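Shared between the two complexes below is chain A, which has chain B as its partner in the first and chain C in the second.
Let's look at the complex of A and B:
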């Protein structure tokens, strides 16, 4: 009898757990043609507060958040909530806001609200503080905001277009509020958040107050699907209209799938191999000729073909992934040149032995390459290509934090990273090659750099600033602190019934677009 | 016995809490590194400004204190069932876990049932004629199920179920979605239980009481279900406890592949972000589940067969 009770008890517990853990089976995913756009993505905002860490770009990507400016697909910057932004003095930029722009809850987006938003961003978020460093923001009229900088800052519109400076209603985010309660969110985008489960899903509905007219969709459901193969399957089975961050190794299958198209715009960041000239394990990297040889020996077309299934394009120079600087694709390592690579290594004293390995003073030419995430494939192709040159490369795919730690300790030879190239280009390139630059891991210096950086950031004429940026890009090719390979791939699956989707080099913040409709 | 069990479990949990805390921090980098690495703020700040900003964030997260101090503060909260605040979402970890536990429990429970039901059927069929064709075929199938990794089985199952029957890949924890990950989870755990049950049944069939029943004219089915099944199941209790514990581990992969909104999927995201409070809470929860399940198995075994408890006392 006791045994029976135990069995029934166990069965009841299991049944209760099953009942408690499961819904009614109506997961709301069967609404084709109802005006509901279903999006499957690899990551979601952590919070409905755009100033919380790792939230703003995701909120912008789903059409919830907007800034004063926005970067366009061609890399230029255009007004968004601002009607216009113009330089009214060498150190003053004046933004005129669009009339009749309101927050979701009806509050007016006037100059005071914008200033409050900027100041909260500066206080609450480190990235925003960096963007607004040495910038004073003031309301000088009902719809006029002035940005005063210490020195002429020609790139300020790009800062204002940054996702971290999206405009939010500060009064909607009191101290101690819950970052996951959609009711607290008060932004301006065409779609307002009505449901939010951190790390799981977000539901948005059309914002009828949107300044740009009626958004093209009634409802947007965004779900996080962490596994890339599961995302690919969602795209193939038509269970979402937009699927972000698809695995490149399934490109052919996805391209051939009926009912969807694969959009793979090269991202505005360059997968780059950074080289350590002070490495004790690979002292050869101290020699500029060796670094250049490594760069010339990269067959970028082959890398793109094998590591990204042809979804990316070769990046002959670091800046090549920035569409606003189209001439950068003609700079740098524009061809695969094994002969030059071999000559440079010979000149540097690394001669080819009978075993096919490069040797100098009895030591083999070796290096350790750390890669991260999807760049593992790139690393493996590079390993094979450099092996043809007689160089032994050990590749390890590790967490990004391990790469950062290795750099901090100085215990590294080569690492892959992909820094953004589009935005405030002078600052971004300064991070690569400037003194103390966050991505100048090898602490490279050259007497020409500082002058060019000053010109790139502060020359009065746009042409001079552009020329300086190109010159810095060329200098990076010459000094070879790093080897540009290809832009990262942003492969997005778009269902045929979706109209109005525009590919963007910053696709991760431009997924749900206001004019998009379901046909 | 219960008091001794509670004391032992408490000791185990304390040791586990130290291990969990230290292991989580042994991995390179912390949440501040992740946040700064992903945000790109370092490209816009001088090294001094970045250092100051990092220090400020570390203070906010309590990571500026020594590890022993962090541990003591964490433990003092945990004993009051306060698992801390998630670094990423700013929400209480306990709330976030509570939201996800039912989905994980449903998947684990369903997977366990699938494993037991499958193992019972395989064990029964195999033991009917040991060495026969069916026994060989089932052994091969069991070996295959053991050899195929969960991630591969899960990915294949998801692929074909989505293509052929429109299985919903993403969504809430629902009945429509539960069955497939449960089968994948159960199939992985099934072979070991099935093999043990087969051996146990064969052994019981050879015992005098079973032979006597056959001699008295009882049918094979009656011998199996009336006489042999219960004693054959007893040795499986310990294994069933271990199986449940292994299902917890296997559910990490299964929940990620099937986008099942349980605690394991939540923990995987937290591990990437170095969200220490979440990872610690998750690992502690796993330890609690394993300890509780094993204790429960001990108690059930004692209830079913008092000789187990007597033997333990003699050994003590």
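Let's look at the complex of A and C:
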């Protein structure tokens, strides 16, 4: 039996080596750990250093980085490099590492290495620093790491699953490291980087030291193709086995294509229209009734049908795209209600003129809506729906940097953004409506918010925390700082010969997965 | 003047004029011949092909493509016509005044005209859009900054040569006033070449307006405009080619018509012995 295994292994290695050298063609086989998977993505890592900007999530998305924890497709969190993570005291979480986990180059992933990785993340990356704020990390054993927080923090496992806290070998990244030399990168994961061109292409090979067994592929070639139409052509022509972020307007064509499947998954990012209550150009937005009217007047089913070719689903509340909070789909604007919208506008003094436009004190109800990327289509459908209510909306599709600039200057009425809803939910909601929240663009306040946020983050019972999260979600509907529309769509083209792909609501978990094979 | 004397240029001019007239007619009559509001979504199934109900099919939002092409013509042609009227008037007047003033002003103006003519229209329009944000008005403002200069240069040159003609010199010696000189000596030599240049620039302007809208920097949603329609249709080029064909043919026919008009007119004037712009 052992002899057979050795022969099989040798044959597989020889086959993999032969296949890997066969150039661009799809040289897949049904043996595990063989075949070259070609991937076309809309974006790629800027650096092989996960602590560099715009790198960690992309490295993770291609199987080249792992964290202590991982978010599952159902929204729950599960151990990854950690064997388990448990609360050992109200303010202490203890992570026990898996045995025999090594970095690509063979160094052991022990408690000291994890602490060093966390501390480098805290120093080098502002996002990581935010995740580890008020958290002390210490090695308390060969395989034991403790995380001590100031206050009881029940969401720490979600923070440990964040892509920015992937574990890397600090000694592999000396000061002055260029960030683009794959030879010096040292992480964990089923695939290790062997070729790298910043923001252009990446070559990965199977990591035989991976703790999870033999990865399903010998080689992965990832290429950035910025134009969505070009990606669609690549998918249709079979030039790549996985094509990420396909344009939804070509859904029918892609669904009908032989040799591939279009896998569409609503992402855990709600496409939301943020409203500025202090806008001088659209002072009507200061009135909560007007904001609510805009939300009620959105026919989400029509938006989904026209703007995403039916690949998404309506999001009646902001949290509705988070699979861990299924009841959120029953909260908020669960129906299209033009009558309520009209009543609210009438109450707010915006009456319908003879020309079909809403007017108050001689001024028309108008607003400017800035959209970005694929959300342009959503913006156009909203423009038409709000026009039926008598509101003039000027839509402009611009770069995301221009949206950020407009928000910083305060010169904006409404913008679309799609912040993630999956992770440390209390913190994510705090970012939406908490004081100083990164997505609280309109600086909304309410006396109920702070208490509910405290309860959502720190209540002893899980049920109490969940109830507070739902209450906050309801409060967002009432205050209407923003209008949830639909989850962003993750439309991925998967070649028929690819097996083991599991659609995930997080973009960075939705490309190369360890158990994927070419059959 | 007979058709025979005008030669092939006349036929070309007439052919071009007919094409342009058809396009203009469809655009002007758009509200009468369109069955649907060009901005109304969901009037038909998304991405449907041509049918009795929707002559040119529908786009991804279920909007009637025929209505959008006809109304899009209004946007494109009106914007082009307005911009052209302004640059022709401003350019011709400035060129004539500079030529009449002569000396230092003339030399300085000549350099300014040369400088402006060297600027690509598209680049200036893009710069303005970058400063003020995308809109058809901004894009046209960029066009206006540059496009009056070729008319000014042509006008200056023609006015100078017209005033140097023996008949003009004699008229001036006999005491003819400035207006009389302009009316009888300058204008007859100016109008033909300016018309040719206007037709050439109109074709270019259509391309610039459609090009900027194609890039998302001109007309904004839900305005129907040929360039933005081409951009929207590009996504479904293979599965729904009618989205690109309809506005594409509209642009092609209009530009072809204007170019034929310009070439025909140039030929006619050339045969008549008038100076014509290259």
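Assume the second predicted complex is superposed on the first by the 483 of 519 C-alpha atoms of A that agree within 3 Å, B and C clash if a C-alpha of one lies under 4 Å from a C-alpha of the other, contacts with A are read in each partner's own complex, and residues count from 1 in each chain.
By our rule, a contact is a pair of C-beta atoms (placed from the backbone, for glycine too) under 8 Å apart; a residue touches a chain by one contact, two chains touch by 3 or more.
Just so we're clear, the structure is a prediction, and the values are computed from it rather than from any experiment.
Greater residue coverage of chain A by touch, when chain B is weighed against chain C, goes to B. After overlaying the two complexes on the shared chain, residue contacts for A:200 are found with chain B alone; chain C is out of touch.
When the shared chain is aligned, chain B comes close enough to touch A:399, but chain C does not. By the document's definition of touching, neither partner reaches A:258: not chain B, not chain C.
In the superposition on chain A, contact is made by A:47 with chain B only, not with chain C. Of the two partner chains placed by the overlay, neither chain B nor chain C lies in contact with A:519. Look at A:229: by the touch rule set out above, it reaches both chain B and chain C. Shared contact residues of chain A, touching chain B in one structure and chain C in the other: 229. Residues 2-3, 6, 14, 17-18, 20-29, 40, 46-47, 52-54, 126-127, 129-131, 133, 164, 178-180, 197-200, 223-227, 229-230, 233-234, 236-237, 239-240, 399-402, 404-405, 419-420, 424, 427-428, 431, 436-439 of chain A are the ones that touch chain B when the two sit in their complex.
Contacts from chain A toward chain C in the complex involve residues 228-229, 247, 249-250, 252-253, 302, 305-306, 309, 376-377, 379-381, 383-384, 387, 394-398. Partner chain A is touched in their complex by these residues of chain B: 27-30, 33-47, 49-50, 53, 57, 88-91, 96, 99, 102-107, 109-110, 112-113, 155, 158-159, 162-163, 166, 168-178, 230, 256-259, 261, 265-266, 268-269, 274, 300, 303-304. Listing the residues of chain C that touch chain A in their complex gives 39-42, 46-47, 60-62, 133-134, 216, 220-222, 234-239.
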